[in-house]
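Letters are used for the chains, namely A, B and C, taken in the order the chains are written, and counting of residues starts over at 1 for each.
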Amino acid sequence: MEVQGLGKAFGPHRALEDVSLSVAAGEVVGIIGPSGSGKSTLLRCINHLEQPTSGRVLIDGVPIADPGGREPSAKELAALRRKVGMVFQSFNLFPHLTAVENVMLAQVKALGRPKQEARARALELLERVGIADKADSRPRRCSGGQQQRIAIARALALDPRVMLFDEPTSALDPELGLEVLGVMRELASDGMTMIVVTHEMHFAEEVADRIVFMADGRIVEEGPPRQVMRAPRHERTRRFLRAVLDR
Amino acid sequence: MTTAVLFAHWPDWIGDLSGGLLESVKLTAAISAVGLPLGLLLAMGSSLGPRPLRWLSIAVVEVARGVPALVVLYLVYFGLPQAHLTLEAFVAATIALGFTMAGYTAEIFRAGINAVPDGQREAARAVGLRRGQELLYVVLPQAVRIVIPPILGYVVLFFQATSLAFAVAIPELISRAYTIGSSTFEYLNVLILAALLYAAIAIPASQLVDWLERRRDRLA
Amino acid sequence: MSSVVDYLGPLSAGIGNTLLITFGAFGIGAAIGIPIALARSARWRPLRMLGVAYVELLRGIPPIAWLFIAFYGLAQLGIRVESMPAAVGGLGAISGAYMAEIYRAGLRAVPHGQFEAGRAVGLTESGLYRHVIVPQAIVTVFPPAMTYVIGLLKDSAIASVIGAQEITALALGEQQQSFAGLPIFLAAGIIYMAIGLPLGGISRWVDVRLTRRLADA
């Protein structure tokens, strides 16, 4: 997957400026940085939940859309988003559906899988994230950690080429966050391509193949976790890490 | 029919219709003068009163909200004379629509009273206020502030409901439009003018209510 | 002097038309409310203004004026509409404005994240609304919609002024024959409450079930 010169402006405010990033198959990229640095906006632009104002995103060499050209049609967008799984900070599970129905919905309605097959796949995924016993519960009956794991299963169900995680544990108690990080760790070791925006520095250092540090809508520096976190080259990165690690 | 024809007689009618509009506004004021205090009383009765009074208040509210205003109006205007109580049309409409308004606004007042936190009442008692004082000086002032926008919303709604007084021949706006229509057969033209006169009051008034509501929510 | 009970039977003959006006108007309003709500929140300004104008005018002018326009006004243009269709159509047009606002409030009550999550899993816009947004919005839409139906039941009495033979018109007819206004209109009131109270009960029951469906396993 490749991000080329992505920019996003909200009125006069430039949330992203000329961000380029290429992610190899099976790679895990951790994105860190202060709040308001554009990390979430980057993820949301990658699957076009926000329309980027410049630049483009390619998956398997195919551009999702050229902002310079026309806006992608609703159909193209839907097709694109099936290749990109997204996990939100606030889970955003569908409250009117049970866990297994949450995981089935897009399989049936977006991919056109037969219900039986979708259900089998959904149960398999819930098993994989360790909450098969909650399959018939509605989200409100699940803990935050369980909800986030359902959300991960929901995203995996479409067999995405890449998974985006937008601060998946920051709405969770530390203990429940561990459940989620455990699932993500397994996904990474299974070879899933992942981009993870996170505040969990230890997790990022341990699991990511590469760390990207962002500030003020730009990538300040990137490199292997050890180097970025232990020996950052930029003053801005150093300042951020000091603030975070001192806490 | 061209636009010119549609507007042709508007200048001739506007005077008569304005008189009707004034009558509608007067009726609205009279209805509110009856309906709002009665609504507040019913609300206090149904949320603060002793049990029998509570049930009675709830029953009155249910009837006022459950029976069409027009039926209540007919009941007062045509029914009460049977009980040897003949009322002028304006008085009958004031009583009937005021009763209906009381039913609707009682629910609003009640919600307002319930929205005042219990802590306020406890605090009032803690500083030694008697029950009546607690209500008058602590609960009601806060409740009233909460309910002003929706209550005004009902005033706007009942301004429109004054058109029901057509049924008992009060010369308010829609009656006059109808009378002009039936003598000139230019129903459409005169009805549109009357409709616009209603809208000219009701739309800005309800925008004002929305604004008050937003402001209240912002300040809260 | 005849009593209230004597009039319940004759007036009940109007129940059919009262219900026809109530639910006919509601059906029209529920249907046209959707495009009006969409217009009301459209991105294209002229369309949005049109939606706003519709909602404001239909709600800002009394129902009686709309029914007169539909019945007497259109007749002036050579369009003769019978009293029942005029009542159903007129009140239906008004219902469209109120329902549009109810739908809009329902949509606003669905958290933004639900739209994002639906899009992120690759649903098309229509799939998003059908499977994710509407099932949730319906919980917010239902109670005010039912309150509105009960309001329409009472507004249907206004149809009597253009001669629709519903409960109130029949009561007025009896009154003109016997001048026994007191029992006649009491009977009419009782009939309206006998329809409205169960309607309110049913709506509360459905509301509880809908809410529970969303909350529980």
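In this section, contacts are C-beta pairs under 8 Å (C-beta built on N, C-alpha and C of every residue); 3 or more make two chains touch, one makes a residue touch a chain.
This structure is a prediction, so every number in the text was calculated from the model and none was measured.
Fewest steps needed to get from chain A to chain B, stepping only to touching chains, is 2.
With respect to chain A, maximal separation of chain centres occurs for B (centres as means of Cα atoms). Taking the mean of each chain's C-alpha atoms as its centre, the chain lying closest to the overall protein C-alpha centroid is C. The greater number of contacting C-beta pairs, out of the two interfaces A-C and B-C, is seen for B-C.
Distance between chain centres (mean CA atoms), chain A to chain B: 55 Å. The distance from the centre of chain A to the centre of chain C, with each centre set as the mean of the Cα atoms, comes to 45 Å. Between chain B and chain C, the centres computed from C-alpha atoms are 20 Å apart. By the touch rule above, chain A contacts chain C in their complex via residues 47, 49, 74-75, 77-82, 84-86, 88, 90, 92-96, 98, 105-106, 109-111, 136-138, 140-141, 151, 154-155, 158. Interface residues of chain C facing chain A in the complex, by the touch rule stated above, are 111, 113-114, 116-125, 127, 131-132, 135-136, 213-217. Interface of chain C with chain B (complex): residues 56-57, 59-66, 68-69, 72-77, 153-158, 160-161, 168, 171-172, 175, 179-182, 184-186, 188-189, 192-193, 196-197. Residue ranges on chain B touching chain C, taken from their complex, read 1, 62-63, 66-72, 74-75, 77-83, 160-161, 163-164, 166-167, 174, 177-178, 181, 185-189, 191-192, 194-195, 198-199, 202-203, 206.
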